[in-house]
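Quick heads-up: structures coming right below.
Common to both upcoming complexes is chain A, partnered first by chain B, then by chain C.
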Partner chain A sequence: MKIQNVVMAGSLESNDVLVTLRPTDNDKLFINLESIVQKQFANRIKKIIDDMLNEFNVESGDIHVQDRGALDCTLRARLETALSRAEEGR
Partner chain B sequence: MARIRRTMLFVPGNNPGMLFNGCVLGADSVIFDLEDAISLGEKDSARILVRNALETLNYNGTEIIIRINAINTSFWQKDLDMIIPKNPNIIMPPKIESKEDIIEIENYITKIEERDNLVKNEIKLIPLIESALGVENAFEIAKASSRVVALFLGAEDLTANLGAKRTVEGKEIFYSRSRVVIAAKAANIQAIDTPYTDINDEEGLIKDSKIAKDMGFDGKAAISPRHVEEINKIFTPSYEEIEYSRRVIEAIEKAEKEGKGVISLDGQMIDAPIVERAKYVISIFENVKGGRY
Partner chain C sequence: MFIERRILDVSKIESFLENLGLKLPKKIDYTVGVFYGKEIVGIGSISGNTFQGIGVDCRFQGEGILGKIITHLIKKTLEMDNDEIYVYTKPNQSINFESYGFKKIGQCELAVLLEWSSKGIKDFKESLRKLSLDKPKETSCIVMNGNPMTIGHLELIEKAAKESPWLYIIVVEEDCSLFPYDIRIKLIKEGTKHIKNISIIPGGQYIISSLTFPSYFTREDELVKAHAQLDLDIFVRHIAPELNIANRYVGTEPYCEVTSYYNECMKNKLERFGIKVKEIPRIKVNGDIVSASKVREMIRLGKVKETKRFLPETTYRFVISKEAEKIRKKIKASDSRH
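Showing the complex of A and B:
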């Protein structure tokens, strides 16, 4: 899947994460992570993002993840919501 | 023995902080809301988050209830498709008005259980009655399925439907409360009262909860964690009630040994309903506090 529209899921409240997907001009995939727990959990969060992008066969797009201390299951939920919305073209 | 349901705390299904902390706030049951607390554009997001919460978290014995969207929307089947496989304790369908509504939901749940090879009939229902027609049909709703374990009265939508003014005293819902309690008890299930919506009015909350308890409700919903403690207190038997119930049970056991049919305690006749009531009080006490003060 190529990200065709700008879609968002989640929020910037504590314990949540805001996922924003944007199209790219050059068919490349960019992942941009900001997290309040980046020092300790960056690798773990990146792995979850990679797994979800693989699950949805994402080939290109700008994936921006702003984490406010979300649990893994919240991060997965927000990524799934955003990617499903992208699939539906919302 | 029916499960104790003194408090049911509503938690918005799309708020991770509240969703994951809901079970440590002292409520007997927590309602993850996919309906009124969620805007139309976020239904998908809340559904996925609640599903992930169900498969991840250990709720330490707190009963988990999912309020799905109403059957006149396009969301309720998607809610059940995603939530049922994660085995919540209870589904709360809103705006229930007839036994046919319950049968439609039950049939859909059964289909998912068969499709996914789940244990059948394990997930129960607590229908939300919040319209004049729902109140009129409360008994047939209570008897519509063996999954129905309680009726829940929702006074806000109900008073809007009645064209009545919602007041602190609650006179406008007196008949509906009575009707729901009678329907529930006639069907041998529990009755749960509507939440008190003024978060800052503790005195009003206490009065309103006492009215509900005195009318026969088994518990009350809460829309704020701050209401949980007071509601729990009111729906937990008092020391006097427990002592009296113990004496009733002792008296009846003694009478049985002595072969007496009818007995009296403090000059009052003790008959079967009083004994049943005493056993119920003791069972709540044992469930809530492990039988100790």
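Showing the complex of A and C:
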């Protein structure tokens, strides 16, 4: 899948995460992670993002993840919602 | 729970913001309020792609209300098809926005400009860096609007190019001038074809744009100071280092107060960052100072032929051409200074 619309899921409230997907003009895939627990959990968060992107076969897009300390399940749920919305072209 | 409705009465919002020491923003596209019972406890507004008038009642701070407001406003702004979001705020409020993923891009005593975007200024800097790779190290730059390009501009460019190993001409891209951007840059390119050591680059939205310098185009005089300083801060922090700029050339400004204030600030700010500001006196033709605003004035008065002595061949040819008829009409009908 190529991300073709700007879609969002989640929020910037504490213990949540805001996922923003945007199209890219050169068919590349960018992942931009910001987290308040970057030092402790960056690798773990990145792995979840990668897994979800693989699950949805994402080939290109700008994946912007702003984590405010979300649990793994929250992060997965937010990513899944955003990616499903992108799939539906919303 | 969000309820959407038309706001009929802004007085509540106004008095809420007043208590926080903020003013009701102008030109609001959308406002969100957070209520506790019937009482407003937090508020935020969108104007175009900037957030304005965001504040939370101090009794309710630390409860995540700001996060709610910001998230909601971000979603709304994206729905309105704006992909990049900006906030002007007081320096002591900057940290609140930074904790929600906003990046500080410019700062002065009175205001901070922050950006929410996954690329934004990073991308712009990257494109400048690429441009500078095969260029000499100590370069010069001129930022110009060229509305339209005169022999004064040309003289400034020739002088700077002669004194520098490389010269960047950064053209103001904002389309608020009587001559549209694509014409302005075209005339600069054509008029400088004979000079070999220059690059002409679009200023993007980070040099004298409605983003960095909104009051340049609207002139709300009290804001001019803050905006001039923000614009220059972005220049020294982000643009000059990527292009290895050691000198910035400007022409003296006898007419426009905003530009002359901007030039004054420039000397202060840039020299603190080790960039030399070289102010070159304007040239005269038969005792008349050459300026683009005079050229526009002549066109306004219908004396198109008289502009010849102020313009390089290339610009003059355009000004009298059929292609420029629309622009000439626009100038005649307008009383804009730009």
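The working rule: the second predicted complex is superposed on the first by the 90 of 90 C-alpha atoms of A that agree within 3 Å, B and C clash if a C-alpha of one lies under 4 Å from a C-alpha of the other, contacts with A are read in each partner's own complex, and residues count from 1 in each chain.
Simple rule for what comes next: a contact is a pair of C-beta atoms (placed from the backbone, for glycine too) under 8 Å apart; a residue touches a chain by one contact, two chains touch by 3 or more.
Just so it is clear, the structure is predicted and the values come from calculations on it, not from any experiment.
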Fit-or-clash call for chain B and chain C when the two complexes are aligned on chain A: fit
Partner chain in contact with A:E13 - chain B first, chain C second, else both or neither: both
Which of chain B and chain C A:N57 touches, first, second, both or neither: neither
Partner chain(s) touched by A:S84 [first = chain B, second = chain C, both, neither]: first
Which of chain B and chain C A:Q38 touches, first, second, both or neither: neither
First (chain B), second (chain C), both or neither touched by A:C73: first
Apex chain A: angle to the C-alpha centres of chain B and chain C, given in degrees as a multiple of 10: 120
Per-pair minimum CA distance [chain C against chain B, superposed on A] in Å: 6
Overlapping contact positions on chain A, where the chain C interface meets the chain B interface: 13-14
Residue ranges of chain C touching chain A (in the complex, touch as defined): 64, 67-68, 70-71, 74-75, 78, 83, 99-101, 118-119
Residues on chain B engaged by chain A in the complex (per definition of touch): 15-17, 20, 44-45, 48-49, 51-53, 55-57
Of all residues in chain A, those that touch chain B in their complex: 9-10, 13-16, 70-74, 76-78, 80-81, 84-85
Residue ranges of chain A touching chain C (in the complex, touch as defined): 6, 8, 11-14, 18, 20, 22, 30, 32, 34, 36, 62, 64, 66, 68
